[in-house]
Each structure stands twice: as structure tokens, then as C-alpha cells.
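Two complexes are shown next, each including chain A; its partner changes from chain B in the first to chain C in the second.
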Partner chain A sequence: MIGRTVRRVGLALLTSAATWTAAWAEGTLKIGRDQDSVYMDPILVSQNADVWVLNNINALLVRNTRDATGVEPDLAQSWTISEDGKTYTFTLRENLLFSDGSPLKASDVKFSIERLRDGEGSVFGSMFTVIDAIEIPDDRTVVFQLKERNEPFLTVLALFAAAILPEAAVTADYDSFSAMPIGAGAFRLVEWRRGDRIVLERNPHYWEPGLPKLDRVEWHYIPNDNTRILQLQAGELDAMIFVPFNRIAELDAAEGIEVHLDPSSRMDHILINHARPPLDDVRVRRALAKGIDVDAIIQAVTFGYGTPANSYIPAGGMFYNPDNPRWTHDPEGAKALLSEAGASDLSLKFLVQAGDANYEQVAVLVQDQLGRLGIKVAIEKQETGQAWDTIVEGDYDLNTNYWTNDVIDPDQKTGFVLYGDDPDVLSYYTRYNNPKVNELILQARIEPDQDKRRALYYEIQRIAQEDVNWLGLYYSPFRNASRSYVKNFFQNPMGRFMLETTSIEK
Partner chain B sequence: MERFRFLIWRPVQMLPVLLGVTLVTFVLVRSLPGDPVRVLLGPRARPEMIAATRHQFGLDEPLPVQYLFFLKNLLAGDLGRSIMYRAPVFEVIAERLAPTFLLIAYALVLSILLATTFATLAARNEGRFADHLVRGFCTAGLGLPGFWLGILLIMLLSVRLGWFPVSGYGETWLGHLHHLFLPALTVAIALAPVLTRNLRATLIEQMGADHAQAARSRGLTEGEVFRRHVVPNALLPTVNLLGVNLGWLIGGTVVIESVFSIPGLGQLMVASIFTRDYMLVQGITLVFALTIVAVNLTVDVLTVALDPRVVL
Partner chain C sequence: MTEATAADRPAAAHVELPPMLLAGTALLGLWIVVAIGADWLAPYGPLEQDLSRTLQGPSAAHWLGTDNYGRDVLSRILHGARLDLQIAVLGVLFPFLIGNLIGLLAGYLGGWTDIVAMRLLEVTMAFPFLVLVIAIIAVLGPGLGSLYVALALVGWVSYARLTRAQVLVLKSADFVSAARVMGLGAWRVMWRHLLPNAVTPAVVFAMTDAVLVVLLGSALSYLGLGAQPPAAEWGVMIAEGQQFLASAWWICLFPGLAIVSLAMGFSLLADGLAERLGTRP
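Let's look at the complex of A and B:
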């Protein structure tokens, strides 16, 4: 009886020892994340968890540079653009192969992009409808004919959805492909256990010599923040993403763990519903902008890790104006504006996504700050699934939300956030519509001169801020953590984990 | 064998219950505000695409039609397609069955071990120190919130001492048992007190019963009396209690799987409710309902087996 117990305990301890030694296998990076992968087909993907895995296993024609200020060659080694800006000619590198060893040719590029543009269920398809035709004069040349000049086009090709896929594999057996995809990225998928983990191994056919440095990457799904942190502390994980703001200082101080606050394109803001009077009166909106104390919110919610947002374009983004004026906290001025607009007795409904601790905090702070102006704010919590419907339908006055860029060109976000003439999007459902801004947006989309383009976006930023299209809150960095022996664990501002240059040194 | 006749009719009697479960689940989950397709495609998707996807999943049909489709497919053994995973519900659930059932079984075994040990200890030492100790443990176990206890155990036994993995499911059978020990223990600490108190009470009652006295007067030792006469008579109420608590246990896996990151049905259920994955929610509910039906059946069988006087 006792002997059996001793043997069992001994076995258990041995097993755990074996597990620990296995975890120290050279070249394996185990990352803990809070979301689980759902799709492996780049055209169907919309959530970050899927995007970040796809970034590791797929390659694009061109990709964003490390600091996301421009694009650089990926599968394409060079390109030319015609004078009229309607023809883009790409030359692919020599001897490109997919992870299964099959050759990557121009026909695969044509197939992938056409599928992205026209495919059923393609989430970002509308961004590629500007492509009129794709010609492939030979195996290494791809020519894009656009319907009109489109300045953002090159950056749009760097979108994760524009991954180059093997035509043969996708058309032969789509179900197999979507379960075990093949790409030309630094890693290839070897195992996908839903609700548990995704295992990637180095792609031996990756075009960049000497990369990736890691042999293996595992993305583990651990939705509970505490558990994820505990695993990192116990050494079962080598890295984790989404460290809650209130744990950053503690983790960074812990021995053997480093917190990385890489700049991101994330901006948190409060949507205002312009279709609900008196929020259609710019004076009322300005009163709200003056009434909230953004600095206090940043301190309380982000523990000082966020920076105040002075423009809808994130800091560091293309054509961001660092001097764009910001609304300062001025409760007296706000009250004056409210009485001028005859809205001193205002009642607002603040929609908040339930379960998001940060947003719940923001809502309470705003409720208090606006309360001092005499505005009654009623907080309504809804689950994410329900909240989006409510926002689309316009059944709210205020709502906390955020945006991260998918491409570095500002046109994508500007079009979504400020272009009031799009009936499907309605300026990010704020119903903001300024004809002058709409005009500037269309102009900026086709302006070839970079300086003139910058001037246009500076103008748009200024007007949007004056009109108070929404209440900007803060920019915040990515919050990742890793053990000290992990070198170069970096997430670029577009959200891509540059794992091909990450390494483990023990 | 006569006594087990009820087994033939029971499945037939259960059919209306299961049907009712599917209907209630169907209505409840669809009356939740929020659109699964909007959740799936994200905020930046265009309305045409949303409409096309809804059509693809048959979500634009009137509700009664959708329910009839569901029943029709169910009879053919098809649980439908998950909106979130775009895969057959059957497959998605099958992948997650093992961890949850292993966790439940493990927790049951631990609970029974704890309960029988403690209850016996307490009953045999009624009124003395051991009894008070056991009753103290029971109260503590009942009072501690499972979520909090789980994290505490992880911090102590995993992070500090490194005896057990923090979370997850592990590979190989031994790995599973190793990984699931802490979650199973957390559940057992919550469930065992209920069983212990009940078993202790029935044991004490049986120990003082006439037939036990009679056995003692015939010369049997206390141990023999306990094993052969007291225990079999005392088990029955506790077995029934166990059956009732199993429903609670299955629901509790949701919290435990979330804390310990176990890729099981509980976690899947939460995820599918948040994403409004109707077919998946219905499928998992059906699986849980079937499990509870099966458990109740087992309890009834055990009851009949243990007590020849019972007629069901």
C-alpha cells in the first residue's frame, strides 16, 4: 500500500522533471496568448490571434519594415510603378519554394490576389477591388493593372490577407488546406490542437538565408490572464502577450522576466453618435471633449503606460501630425459651451463592452467627469457580440472602442473613420459626415506628391479634431513579456511578431 | 433481473426530456441579442458579406423552420456546422470530450476517496477530535470559492514548489493525470464536503441501528459490523446525492477549465455562447444533457443493485 503510493509519487515527480527538461529543448519558443485560432485561410481571417499566426507561416509580395514606416521586398525582389500610377510590375526572387517544397510562381501570386479580391467571404476583399487585372508574362513577373491611381496600393499588398498561397494545394483539396495550410513564411504549421495550441516548425525552404533562428514556435491558448502570468513565472511559457496594465511593473521587476512595450498602432477612443441630438451640435461635442480629463484616465487605466491621443492617426503612423491640437481639460469652458447650446441638462447612454476591465474603468471615470458638468451618464454594459449590433444600429450615445492598423497607409483608417458618405460604415458608425473631409479623403487617395499628400492628411486631422468626430483617449503600446533568455522578442507597430529573428540563448 | 426491467423503459421516457432540452436551448440562445455572423466577421465587414454568410448558415430562415432543420439533422446524427469554426459540430465536440470527461471522472474519484475516508474516520470517532477535524475541513471546503482556491493551489504547488504543471492538459495518459490533478483536486475540495457530511450522518445512523446492534450481540467485531452491515446500508443516500451533484459538477467544469486552461467542453461552451455559435451551444448542451441522463440511470441501477427492497 505505502510502496505503491511512493512509487506513484515518484513517477509523478519524474514525469514533471521530464516535462521540465523537455521544455528546455533548444530553439523552442512557447508563447501564451489569450485568444484561440479559428481560421488558417488568410482571406477569411479577421481576428488578431489568427493574423499573428499567419504572419509566421505566410509570406507576401512586400512586407512592412520592422518599424512599420515603409514597405520592403519580401517575395518580390523589386518593382516598378508606371508614371500614371496604374501599373505595378513586380519581379519575384529566384528559386522561391513553398514549405512543402513546391515552387512559388507568378501564377500563385495571381491566384492568391484574385481569390482575395473576389473570393466568397473574403473579409478585406473590398480593399483590392481597385485591381482591374493581373497579368503574368512569365514565372517571375507579375503585373497589376489598376482601375485608377491608388497611393495606398503598395502598403495594401503588405496586408496579411495578401499572403501568397499555393494554387495547386488550395484548389485540389481546400478542406485539407484550411486544416493544414502551406505557405512561404519563416515557419510552417505542423500541429493544430483547437483550444490548446498551435505548433510551428522552421520552414527549411524559407527564402531569407540563415532565418528563422528558432526551430519551433508554440502558441498556447491560455485565456485567463492570471494563469498565463503564472505559467510564465513558473517557466512553462517562454513568453506571453497581453500583460494587463496593472501587472506590468510587477512582472518587469521579477527576476528572469522582461516586459516589452513595443510601440503599436493601437488607439483607444470614445465613439460619439452624431445622429442623436444634441450630439449633432458641435458645441456639445466640444463640451464633452473639454469635460473629460484624458490625463486622469490614462493614469488610472493604463498606469501611465498610455500617451494622450491628439489625432485619429496613431503616433508614429504615416502622416501623423505630432502638433495636431488636442482638446484640453476645461470644465468651465465645457459648461459654458453646454449652456450656449442649450444642453445644460443632458442625459447620455454610455455603451460599454462587458468583461473589458479597462473600458469599464474608463466609463466610470467619464461618468464622474461629465457628471461635474451636470451631464447624467448612464452606463450600459453589453457583451461584445451584442454590443457591435447596437453600435451598427446606432442605439448608443457614447461607446469605448479601439482600432489597430492593418496597413501603414492612413487611407484605410481614414476611410473607415471619417468618410461619411459610406452607407455601410457611416464613419465607424458615428454618423459623422463633413463633405469637406470627404472631399479631402478622396483627393489624398490619388495624390502622388508625398508632401502634398502629407498636407492633405494634416488638414484632415485638424478638421476632424475641431469637429470632434470622436473623443480621442490614448495610444498604448503592445504589452508582451518574455523570459530573459529569449532574445529579440519583438512585435512591430502593425502587430506582426518578427519571430524569424527571435532566438533563445541559455 | 426482474428488478432491472425499468432499464428498458427509461430511455424511452428520457426522449421527451431531451427534446425539451433542445427546444429550450434553441429558444434561449437565439433570443440572446447579438449576431453570430457579426461576431465572426468582425466590425469591418460589409453588410453584403454579412447577409451572404447568414444565408450560408441558414440563419435568415424563420425560427420554427430552423428548429425543424435542426431536429431533422439530429435524427440523421448530424449536429450541424459550427459558425465559429466552420467545421461539423460533432467533430469540434469530439475533440474536446476527453479532457472534460477525464476531469469529471478524476474529480469524482478524488471526491469519493476523500469523502469515504473522512466520513469513515468521523463516524468511527464520533464526538472525538478526528470527528471535529473532519467537520472543520468540510465547512472550510464548502466555504472556499473554487476559482480562488484553484489559483491558490497553482501558486503554491506549481509556481513555488514545481510539483505540478500550472495548467493545460498534457500529453500521454500519465501527463493527463499529472496535469489534471490540481483542477480535479479543486473540484473535489468543493464536492467532497457535501458527500462527507451526508455519508457521515448515514453511517452514524446505521451504526446505531437495530440490525447493527444485533450483529454486535452476535459477536461480530466493530470493524466487521461496520464493513458488512453499516456501510452497504449507508451508501444509498450518498450515491443518490452524488448523482444530483453531478449536474453541478458538469457546470462547474466551465470555471475550472477556464482557470486551468484545459481544452475541454466547458471552455468551448463559454466561447460558443460569447460568439453566439448557436449550433455549437445546442450540441454541447445536448451532450451535457445526455451525460446527466446517463448518470441518473447509473445511479438508479446502483440503487437497485445495492438495495434489494427498492423497486423502480
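Let's look at the complex of A and C:
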């Protein structure tokens, strides 16, 4: 709380300086990216390419801090939480405006969050069903009544999907809104050419004084890694995202280019289908965990830029246990476990999403390593969408995948990855179901004491690791590059590009 | 009538073999030898990983360098010849057989057989070749088996058209009429008298087709629809090496050259055969 007050005073000082800081704003930032956006309606979005643009045009009640260890005020300037943890009261800043100049009121907040909770096709709607009612006593006050205590709730409100949208524009003509959405973020969308580019311009009505510093941001869709790098080198781009691991060292050494390895919440793992015997036998899964050489995989695939995963929670994440035990490479132990389980002549179907070179490398390495234990691994490449259907249907034994956190609190990921009683998700479609873990997850969700919550999550991490819910591989940083004149090009661990503070200083 | 058909063929002994035919045969022969002897010729196993020697340039130990798994590129190319030749042969053989049969029947029998066969052909040709092949593979699941099935289902049309056109011309030729007048059955006339004379363009086309099939096989493997990793197949190798193009060019370049040389072998053979068997005035 103390930190928060100090911050607000600082902002007040900045407000008075707003008149002259606006004069700083200059320049266009051209960013090359590997994926194109599909949706712009925040409740329909789930892929990172969409999220990373949306974060720039939308504002939330509260947002994740730069280092993603907590939340800080965004549109809400302050809030109170009732003793029983069931009532959250937010006070909005004064004179808030959307990027089209229309006023942002408590009714817009109520509309946006209710739409997120109940809207058709809302991807993250289930995270908000804990909200019983939203009351708006006046234009600047929003009161959330929860059905029950929910510890992660404040961090959940910092989810990109909880963006505050203008009720009038969305309800008047949804089609034109979804094609050219309006928000209250640092930038406003001015052009969206599918398969080519998205152009943003600074939002003159943005609440944070003096920001953004840039006039214009262009996201160019350039799928080929080599092309993207060449364009950055030629100066046609000011920045690019997703530098392949094997080009990091070379690009960083180049004159006038900087590579940014920002800590991320990304974790790569191999899903195991527990529903397919003998993978339901924990001894067989442990044999796989001992059979793969994660350090060798990290060296070959990430060129040493990854760090081995010892927990399903990313390193540096909330309640991450750095001392959680890790499976180490032990082929002899693996063989012993396999013969103990009577699983000789094991053959596994390793599903790989086509087009991702790293996934394929992991699969080829694992195939070789498990082959040395006498396990036959057949790799099957499928197009990404088709592969996802296959995973959901459960027609696989192993599959490479990754996860980046959307919410700071571990509850979201834990629920998705380990809570076996949710028939829609089935523990990330691994069909892992440990009643003890399910119980701990529900307990942690309502435990108000931070130390006790931490202890619960440490316990969950230990059991999941022991059960080998999946094969954890590595944590890896975000890999972006920019020309040296670009300052503060930064991605926080949740993947948010904090472009409002980025500037060009030639 | 044996005389009649023989008279229609060139007298082999008196014609010199075109140099292109020789060059093409030599190039293909070389790859066939390599494919057969890959186990003895290759210094390493094609799937043998050595993570302590990844991405090494060409050297005495690894003539064509190593890839990102530390596998020997030369050994993979030599073993890859098996797979790529197999793709070339099987990818052409099935369409060749099916297409010639349909073309022969349609051309000789005419009537309903012809109408049904030609409509079928038109429907198949209405779709872009690659789109149809990819769609069939998507339904059957990726892999070389699916690739052969897809090629058989789509590739027959070219052969059917060529052979049907030849049969239509030849069926009114004297030697065919003579055979019919002698009371031979339709099957025997088609099989023994028409086909040997009508099949020449299809044979020449098959060689050209083999080039396309090799390239298609590599392209589909590149897309993940053909040979599956870690198979040593040239298209797969290029796909795997693509991300290292800027730093380790040898992973892509040498399999690329292998594809070019095999395709050239088939091309030369096709040209040579066309010259050798070409319809005489």
C-alpha cells in the first residue's frame, strides 16, 4: 500500500508537466512480427499475437506491474476490499476518455466485465463467473460482489480480456467495432490490413500524462524469420520480435542492433496423455522423465538460452518454488522403472505442430533419447489447428507445447494444467487427475493468508512433479531485437510490450 | 501381325543413342548405386545424433558438415537417395498404370466408358493439382503412404489423356483393323497391339513427371505432409536446415544440389527418350 501511495503522488507531479512532455512525442516505430492478428475483440482473443497488440489500445481497471510481481492502478485510481474478501470497490480516475473522445464511465466497466463473463464465445469467461453482481452507485464507482472469496481476483482483473470498452460503440454497431475497435489505451487503432500490418497512433486522450512518447506504431506481419532479421538489419524495421535462438549471438554483436532477452513466463513442456496405458502408470511416466536429457535439449534447441524447468510455475512467478526437485537424466534408472512396470516394447505417438522448428527439434531429440531405452517414438506432424483438435480428442501419447501466463496469480495456470475435474480442459488435455491436487487447488483459491497459500502451492508443485503430470522442459526469455536508437523496447513477463514508454531517440 | 507391330517400331540396332539419354542414364544410375550402397558408402548412420558436434562446417571428418543434431549431412544425403528414388518411382508408377489403363479403355471402347472416364478426368482436373494432393493427404494423415495414394488418385489424368489421344489415332490404323478382322478379342487387340504403340508419349512423360514428383515429394516433406522427421529425406533436410540458412548453409545447400541432380537425371532421360522414341514422320 505504501508503494502505491508514493506512486500516485509521483503521477500528480507528472500531470502538471503534461503540457510540455507532449512535445516529446515523436516518431514512428515499425515492429516486425511472426504472426498476424485474428481477432480484436478482447473477449474472443487467445493467441499472443492478438494480445500483444490489444494491450496497446486497451486499458484495464488494474494492470500488471512492469516486472509482473503485482498489480498497479490503471483506469481505477484506488480500490478497497471488504473484510470477507467478497466485495471489491473501485474508484475510477477523473475525466477518463476513450480514444474517440467519448467519456469512460462506471457503466462502461460494468458492461465490459459482464460481457466478458457472459458473452458468447468469451474465451476466459469462466474466470469471471465468480462475480455475482456489479453495482455502479455513481459514474466513478464500481462495486464487484463475489459469490465467494477469491484470492486471485484482483490479478484476474488485470487480464487483457478485462479491457474496458465503450458500451455505446459496441452495442450500436458491433461489426464495425470489432473491425476497428476503440479502447482507452495508450494508442488507438487507425488501420488494420489483414495479413499485412496494423497501424496505431497515439491516443491524445490517454490518461497517463506525457505518454505515449511515440506518435505511431506499425506492426508488420513478416512470418519468415530470416526476412524479418534482414529487414531489421537493413533499417526497414526499427524492431522485430522472435529472434530465433541460433541468431541471438550474431545479431547482438551487429553494429546498431540490440537483442533484448526479457524474462518471460513462458515454459515449454511435453504433454503426456495419461488416458493411454501404460502412460497411466506413474512408473512409466517417471521413466520418461528420467529418460529424456533436458540439459542436452536446452543446449541443442535454445543454444543455452533456456533454463531447465523444475516446476509447472515459471521461474520468478508468484509462489514459484526454486527448490522444487527436478528430474535428472538417468537412463539406467529409467530402464529399471520400465521393467518394473512391465512396459517393454513401448511405442508412443509423438504429435508435433507443423511449422514450429523448435517443437520438431525437441521431438527428434526425445525420439533419439527414448529410443536408447527401447521406446519406439513415431513423430507425426500436423497442422497447428488440426493438432489442437487431436490433443483435445486425446489421440496422442506425447505432444510439445508451451504456456505463457496471462495472470500473475498461479491459480489460472494451475486450474488449467492440473485440475482434473474440469471436463472442458482435462488438465490441459493430459487427462491427469489427482483428487489430492484438485482439493489443494480449491483450497488455495480461497486461502487469505499469503504464507499458507504459498505452502499450498509448494505442495501442489511437489506432487505434480512426483506424478509427472507432464514432462517439463525449460523456461526461456522473450527474444526481441531493435535498432539502438529505440529506447525502452521492453516486454514484461506476461508478454505485454510497454510501448507507451518506448521512444525513438536518433 | 507380329510383323505389323514390329514395323511400327524403330529398328534399335540402327539408331545411335542420343547423348542426353546417356547422360541422364548415367546420372540416375549413379544415384541408384548410391541408394543401394548407402549402408557401405555413408561414413555415419543417417539418424546418428552427436550433440557435441552440432552445426559444424564441412571438414575432413564430416565432408558436408553436420546439422543441428550433430548428424552427418553426407550420410543423410546418401541414405536420402533411397527415399527420394522410391518417391520418384512409386509416385509415377501408380498414376502411370491407372492412367494408361483408363486411357486405353476410354479410347478403344468409346461410348459410355469414354464419357464416364472423361467426366471423371475433367472433375479431377478442375481442381488445382497441388490443392487436391494436399487435401487428400490431409484426410489420410501425413506420411509417404498417403502421398502415393494422393498421387495415384490425381496424377493418372495426364497419362489417361495422352494414351487416349494416341489410341484414338491408332485404332483406325491398318494393323489394328487387321487384328480385328482376324477375330481377335478387344482385350488382346488393346493389350498386344494398341498399347505397345500408344504408350510411348506416356513413357516419355513419366520421366518428366518423375522430376515433378521428386520436387513435390520434397516440397510436401518440407511442409510436413510427406516423409516425417527424422527420416533422411532431402526435402525434410532442407526444411530442417532452413532456420540455419544464415549461419550453417551446408545443411540446406547439399540436399538442394542432390534434388537438382536427380531431377536433371530424369529430365535428360526424358529428353533423350523423346528423341529416341519420338514419333517419326
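Annotations for the structure displayed:
Methods note: the second predicted complex is superposed on the first by the 480 of 506 C-alpha atoms of A that agree within 3 Å, B and C clash if a C-alpha of one lies under 4 Å from a C-alpha of the other, contacts with A are read in each partner's own complex, and residues count from 1 in each chain.
Simple rule for what comes next: a contact is a pair of C-beta atoms (placed from the backbone, for glycine too) under 8 Å apart; a residue touches a chain by one contact, two chains touch by 3 or more.
Owing to the predicted nature of the structure, the values given are computational and were not obtained by experimental measurement.
In the superposition on chain A, A:G121 makes contact with chain B only, while chain C stays out of contact range. Using the contact criterion defined above for the overlaid structures, shared-chain residue A:Q47 touches chain B, although it does not reach chain C.
Once the two structures are overlaid, the count of chain A residues touched is higher for B than for its counterpart among chain B and chain C.
After overlaying the two complexes on the shared chain, residue contacts for A:D368 are found with chain C alone; chain B is out of touch. Once chain A of one complex is fitted onto chain A of the other, the partner contacts of A:R193 are limited to chain B, with no touch recorded for chain C. In the superposition on chain A, contact is made by A:T227 with chain B only, not with chain C.
Touch criterion met: A:I379 reaches chain C, while chain B stays clear of it. Contact with neither chain B nor chain C is seen for A:Q450 once the two complexes are overlaid on the shared chain. Across the two superposed structures, the residue set of chain A contacted by chain B and also by chain C is 226, 382-383, 386.
Residues of chain B that touch chain A in their complex: 32-36, 38-47, 49, 52-53, 84-86, 92, 95-96, 151, 154-155, 158-159, 162-170, 174-175, 178, 181, 258-261, 263-264, 267-268, 271, 274-276. Across the complex, chain C is touched by residues 225-226, 229, 244, 246-247, 250, 296, 299-300, 354-355, 357, 360-361, 363-365, 367-368, 378-383, 386 of chain A. Per the touch definition, chain A reaches chain B in the complex via residues 11-13, 15-16, 19-20, 36, 38-39, 44, 46-47, 120-121, 123, 126, 178, 193-196, 220-224, 226-227, 230-231, 233-234, 236, 382-392, 416, 424-425. Taken together, the chain C residues at the contact with chain A in this complex read 47, 49, 51, 54-55, 68-69, 138, 141-143, 223-225, 228-230, 240, 242-247.
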